[in-house]
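Alright, structures below, take your time with them.
There are two complexes below, and they share chain A, which is joined by chain B in the first and by chain C in the second.
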Partner chain A sequence: MTTVPLAPPRRLLEFTLDDTPVRVPEGATILDACRAAGKDVPTLCHGDTLTPKNACRVCVVEVEGARTLAPACSRLAEPGMVVRTDTERTRHSRKVVLELLASSVDLSTTPRAAEWIKGYGAEPDRFGPEARRLGEEPRVDNDLYVRDYDKCILCYKCVDACGDQWQNSFAISVTGRGFDARIAVEHDGPLTESACVYCGNCIEVCPTGALSFKREFDMRADGSWDEEAQTETTTVCAYCGVGCNLTLHVQDNEIVKVTSPHDNPVTHGNLCIKGRFGFQHVQNRV
Partner chain B sequence: MDLRFGDSKPTDDERRAVDAVLGPPESAWEGADDRSAEDLRWARGGREARERRDLLLPGLHALNDRVGWISEGGLDYLCRRLTVPPAEAYGVATFYAMFAVRPRPAQVLHVCTDLTCAARGSAAVTAGLEAEGVAFEPSPCLGLCERAPAALLVRAGVERDEGQAHDPAPPGPGSSLLGALGGQAPTAARPLNSAVPGGTTRGGGPTRLARVIAPATVGALAGVARNPEAAEAEAPAVMAVPQAGHAARPVRPGGRVVPTLPQTPSGGTPTALRDDCPQPHALQLLRRVGVVDPGSVDDYRAHGGYAALRRAFALGPAGVIREVTESGLVGRGGAAFPTGRKWQATASQPDAPHYVVCNADESEPGTFKDRVVMEGDPYALVEAMTVAGYAVGAHRGYLYIRGEYPRAYERLTHAIDEARARGLLGDDILGSGFAFDIEMRRGAGAYICGEETALFNSIEGYRGEPRSKPPFPVEKGLFGKPTAANNVETLVNVLPILTQGAEAFRATETKLFCVSGNVDRPGVYELPFGATLDELLDLAGRPDTLRAVLLGGAAGGFVRPDELDIPLTFEGTRAAGTTLGSGVVLVLDESVDLPRILLRIAEFFRDESCGQCVPCRVGTVRQEEALHRIKDRTGEAAAGDIALLREVGQALRDASICGLGQTAWNAVESAIDRLGVYK
Partner chain C sequence: MTNTRKRDRGPKSYTRLTHPLVRDEKGGPLRPASWDEALERAAAGFRAARGAFGMFSCARATNEMNYVAQKFARVVMGTNDVDSCNRTCHAPSVAGLSAVFGSGGGTSSYEEIEHTDVIVMWGSNARFAHPIFFQHVLKGIRNGARMYAVDPRRTSTAEWAEGWLGLDVGTDIPLAHAIGREIIHEGLYNRAFVERATSGFEEYRALVEPWTLTAASKVTGVPAAAIRELAHAFARAERAQLCWTLGITEHHNGTDNVRALINLALLTGHVGRYGSGVQPLRGQNNVQGGGDMGAIPNRLPGFQDILDAEVREKFESFWGVDIQPRYGRTLTEMFEAMESGELRAVYCIGENPAQSEADSGQAMERLAMLDCLVVQDIFLTRTAEFADVVLPATAAWCETEGTTTNSERRVQRVRRAVLPPGEAREDIDIICELARRLGHEEWKYADSETVWNELRALSPDHWGMTYDRLEEHQGIQWPCPDLERLEPSFLHGRLWERDPHLLGRRAPFGIVRHDPPVDLTDEEYPIRLTTGRRLDSYNTGVQSGSFASPLRRGEFVELCPEDAERYGVAVGQRVRVTSRRGSVVAPVWVDPALRPGLAFMTMHFPDEVDTNQLTIEANCPIAGTAEFKASAIRIERVAGVADDGSALR
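And then the complex of A and B:
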């Protein structure tokens, strides 16, 4: 959760979380309460800088008296609520959701996916070899970033980041419907013919690696991407007076990608094209 | 926002289609071609246009109606006019089945291949069309199930209004229903205001022509495909009401005579009996269908119309809500939520404005009751919406009607226009000082838009994806404001509540049922609460070899022939482990291949899932795949996949965002558990 300095004090409300009374500020979600209590609830479509679309449903919890399970990431805590995060029902739904996802898209670059699949005992293979998959080819149509929608879980984060939540460029949207729904730019054309301004804020929020730096994509393809060997250095962008924080990811003394700290109260992890992609001049060592 | 609209230009036709909805652009900032000196000096537009984003859907319809599909140039022009980002508009256009974003022929023949039509031979029709070389598109339920198999022909760019410009006359002295059925010029035929401007998608040159062909035969479809103008007149709405009283209606050849039901408690005057269908009680909601002229507000008033609104004005908004609450009326859309409570909750919200939304997007396979009410008694809905608006303090109502109902759309557009002309809508209704008006919105082929929050998004010009609740619509509904959303059947119930009083209404409360499939007299039936499924089947003429009844539609459940004593009430069906849902009663006899029906249900949900949440988007695909694998298997050979279905089904039910995903496994589960279909 983003901290807002000097906000007026919020009232606390009390509810029961896994049989323990907890107190959270008004407006907190169940997920906030879980995290404050040190519980590990899996999330995919929830982003720390965005209002979640609660579309992935891996964070579901049981709220006493409710017919269905509730998404912890967006359901606000209410006084007197009785919530259980680790019941047979929640574990079942999470397991099946992970199976459904892993059987339809490529989760190989999704952080923690493998760990959850193991932890919840999910078996994505049991839908058989014929189970329908997205089967999308990576779209490489510019030098800055690649859209590999075979890895897309339709979490809506990139759409929200590009649209009214951050960038206000509205270059990407969900198109089609049902299993055929995809992220696309207008008229499903190449990125270069769209309203995209290459701020890369969509890459910043993508939880699966479906959107990635061209450099990262190429290095993964030739097997030279090695996250373990990378160092991260946070510095200040020198292009303009805004002074955004940049985190340089460096492998073998080369900047391979640039991110931005999400807890920065000015940028919340967002950058513009220069800060995000304009780093080649640093390493032009002729 | 920093919008980019691309370089593609609209054709003159596309530009005119959009301008017919939005009016001509006022400046280059708004999309005009020429820059005036002023345009160079001031930047204008933006906010105002953006606030009319709810015209995006009508704009897409206008393009699609005139050209047959939505081109880049057309879409970009519409976006420029409304300052909507093209990527978002593209996402909206691709959400709906009736729109195309790639070139296609101006004429599309939609042939229903859904449950009822499949049970009544749509496969033979589509095979025949293929053999004849007639192009068609298989379609989900068209809401014409009583006349299955059904088809809808849509042709873009026709110099006339959509729908049949005139209707067969209502049956009355001297008019012959048979004549109307046979396509002879009906005696009192009257053009239905094809020239009245008003509704946003009307007027302004070529639009679409839509023809319903039901029952559909290969010959009739081939003929209509070649010459749509020559299509036979559609059967009048009353033909879907077997209980309606017409002395003029001949006995159906071979129609079975059914024993009369014991008299049930009733109020009002009983309608005359139709010869082949016993009339056990007075019709309440359907009593004007076939009796009143759907094109005349005077005739509506002559048949008791607008008495309820007068009573409402006498009672005051709080009095209306009290009466509706005391009547015990619950929503007929499936959720059975108390209507009075919903209205009270909306009325008491401090946020303003309030809205009333009529959900006429009836797309559940096997449902057509709202269509029949809207076609046969359109003013009743206009009046009921006005009452609702008065009660909850709304000055604007939205009527969202499914795109596949050309005649109901036409009649309601006309009814709204006429009511407005007569001061029954507008600034000062009946001199009461109350202002209320209704805007129509036409859906574009998306079952999910029947979910109320998806419907709000659709009206607002967004993708028809459900929102998560809470917050509930009474608090944050249409345009984020307090909204009372009710379906057609719920709303028209308000009229007898007000005219008879809550107490009398309780004694005579009825429910509409859409009976289709293998019965002698398919149609809409109105029964007092408490009648059993058995009694309903007596009225409709049951098949000799009853295999199962699908109750509540694709989201409902199957019941066995030995369970027909289920009382048709919300509690009764719930106690029996099934649901009344939207009132679907789909009757299947032994000739029906159940596994194939289940596959169709699964295919329907997979196709209609909005795709927003994972359990539903992928789960419905996995459900369909498993049903495919076991369609010819039983016992041990099916057991593994049935276990898989149960697991996926449980997650669908527990973790989906909306009712579509939550109910997508209901019918299949009941077929497995109650009918033992794979035993």
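And then the complex of A and C:
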């Protein structure tokens, strides 16, 4: 008797993507289909380990017959639908989204932001220089994390990762509304007085660098952070027997950052404080 | 011995070893030496002690290193006296599981706990000790599973539980038996499974009969209704997972505890199916793999029994030596043999028994009696301070290639990301160098994959795991006997076969009796001390002490608010903690998760407060594990002690 639940093979469905027929498994999103077809759709609030929040709308595509544009990251592919990713409407919409974001938020450490702004012809200065910046100093209240809310696009990914989707520590949440909405810990105090357990799983998902590891923050500040010169090697954590996969980011023979593969069956991209930060002992080389 | 070092909240760091060290005379200083000199001395020491040699292998190193280390003991030194520190944590799990199922691994996978109906976390604070495993548990809870926590402390794991059973330390067997009795009496056991796939049920039924809910409640301190609820939830569940950690194994009767838990899985048929199984969580990254590779005294690589003549023959013809047809000494027995002079040389790779053994004072005295102690490590640990030769090694997880095996039996690739410091060399290279100096010219491996392929050829359970496949699947769980297929994620599906040939050996109930902790509490030592881990720290702190954790607060003796009041002590106040073996001074912490009469400490800061001065060396006779979880202590206020302990000098 075998009791292995053999997941039924997922059926494929067919639809038209930019005038080409494509086939994807049932349950796939339009974004999944785009990525499988090698199409580059920008995303910010989408996280491959998180439930879509549809917060940023930078990923919108046009679905034939629909009145409004659809977010590719959350809209499921349906048989027979006709989708266009690169129309005047989608380009215009993405341009406006990028202008609004870039005028209110510091996107300098958001990977690919500059490239998109240029590519979509966005002019953030249209609203006056740095229209609604918070104008806040980065918060450095412990040796592991830095929080720089000038860079926060309110995508909620960190809140979801810290909350019921993964970590279940609920150290961070959204406070305030509208223009005043922001991410904060209880009573907006220092991290060290919050429920934070320093797993780093919020930093893993933050798309803008608003949350970052202190090491990276310091190295960026003194100009020594050089991603080009870094290698990434995936190995296994040296602490408990769970066996989390760690990707070590190494620059000049120093581990400068630790992440985990998002598709890993043990971690799903998450780590605990020991796996994330417990590497220093190997590089106490005098 | 009282430690009076200044308490320092900053990171505690050890510096990497960068060159070999030797000691010219016992008691003299260690001095730097060339590799050639150090290796020659080590080889001479081992040569002189042939027949009195023991190997401590390392549960944190790779499978490949453990394979080569046990081969060194068996082939070069002709002994089965090889063991690793898994004795101090999970040997009872391996012993218990293999006695029942013939295999020492946990039976299910992490993913299955997300798709089960009832989860029992017994003696396991996984929220702190195994945080990423606990994320799978939380997924299970979010998917509708009910979780029960069985633990003397109301831990952060228990905070997520539907029910917390706060039993008295060392009463796990009465509790398990009462659950078993309730299940039988209510007719909730899986009759078909018990009849077909188990043996010894009638004896088990008689064994648990006296453990009524009332009787168990009296002994364990758990309300009868709570025991009843857990029994019914577990037995009625479609699928259930039973998980445990050191709270079960670190007792003088750890193996019996494990058997008592497995009995419940047998009784209900919660094993051998997707979502139903028993899962011990391993304390160190490669405890599972070290045993799988034969770095234990009773098994050859592939967890194959040394007493099996056919198995021995296979290895003898492959290695070209005779293998002694008897079990070697466990770590505990090796320590005893040091005292009697039967063990005179030890090769200790990556272990720190001077600090991690229960009753560390005695462990250090015994190490000092050796003629030759060779320590191979990345730091000058307390154990290395006793060594005649110290060999600087690489950090397995980031400076070498190889594999490790996690708690769900998943063999995963470890890769080199950084270069080792100074003259540090890889463990396998060093062992091979020593083997060559001891007359085994042929000991050369091109790389870790060559070692792995040799192991694969000898271990049917690993045969299908080539490095390429491990990479492709992000690790593969054993058994993997086939180069194409993958096996189900759980073990022992055979127990559900109707055909007796396919079913194989029936799983026996464990006839185990309650045996309270050796160190009894009395008027002089009225408090029960139990030990455990914190979230950001690890074992003796050699690894975890180096990073700047905002959570770290050093060692404390933790008491419940009622006891703090009774002894008139406040948070931060330093008290003397005394057991029948030793005494330390530690500051007080107050934790409402504890109950009156129960104190808690960790062993993360032995240089600050040496908790193992207090613990008892009372060992599980089957697995050799020490009873870290139960000592009897008393607490006294010390007058006139400054916060840095200076007046105690």
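Going forward, the second predicted complex is superposed on the first by the 278 of 286 C-alpha atoms of A that agree within 3 Å, B and C clash if a C-alpha of one lies under 4 Å from a C-alpha of the other, contacts with A are read in each partner's own complex, and residues count from 1 in each chain.
What we mean here is this: contacts are C-beta pairs under 8 Å (C-beta built on N, C-alpha and C of every residue); 3 or more make two chains touch, one makes a residue touch a chain.
Fair warning: this is a prediction, and the values are worked out from it, not measured in the lab.
Judged by the touch definition given at the top, the superposed model places A:Cys240 against chain C, while chain B stays out of reach. Applying the stated contact rule after C-alpha superposition, one finds that A:Leu271 touches chain C and leaves chain B untouched. Contact with both chain B and chain C is seen for A:Asn168 once the two complexes are overlaid on the shared chain. Of the two partner chains placed by the overlay, only chain B lies in contact with A:Val96; chain C stays clear of it.
Judged by the touch definition given at the top, the superposed model places A:Leu144 against chain C, while chain B stays out of reach.
Of the two partner chains placed by the overlay, neither chain B nor chain C lies in contact with A:Val258.
Once the two complexes are overlaid on the shared chain, A:Ala181 sits against chain B while remaining clear of chain C.
In the overlay built on the shared chain, the residue A:Gln280 is in contact with chain C alone; chain B does not reach it. Shared interface residues of chain A (contacting chain B in one complex, chain C in the other): 168, 197.
Residue ranges on chain A touching chain C, taken from their complex, read 1-5, 142-144, 164, 166-168, 191-192, 197-199, 231, 233-245, 248, 250, 253-255, 261, 263-268, 270-275, 277-286.
Residue ranges on chain C touching chain A, taken from their complex, read 11, 13-16, 18, 60, 110-111, 115, 129-133, 135, 138, 142, 160, 273-274, 281-288, 378-379, 395-399, 404-408, 410, 412-419, 421-422, 474-475, 488-489, 493, 496-498, 535-536, 538, 542-551.
Within the complex, the chain A residues that touch chain B are 53-58, 60, 68-69, 71, 74, 76, 89, 92-93, 96-97, 100-101, 103-104, 126-128, 130-132, 153-154, 156, 163, 168-181, 184-188, 193-195, 197. The part of chain B that touches chain A in the complex is made up of residues 1-4, 6, 72, 75-76, 85-91, 94-95, 101, 446, 463, 468, 470, 606-615, 617-622, 625, 629, 644, 647-648, 650-651, 653-657, 662.
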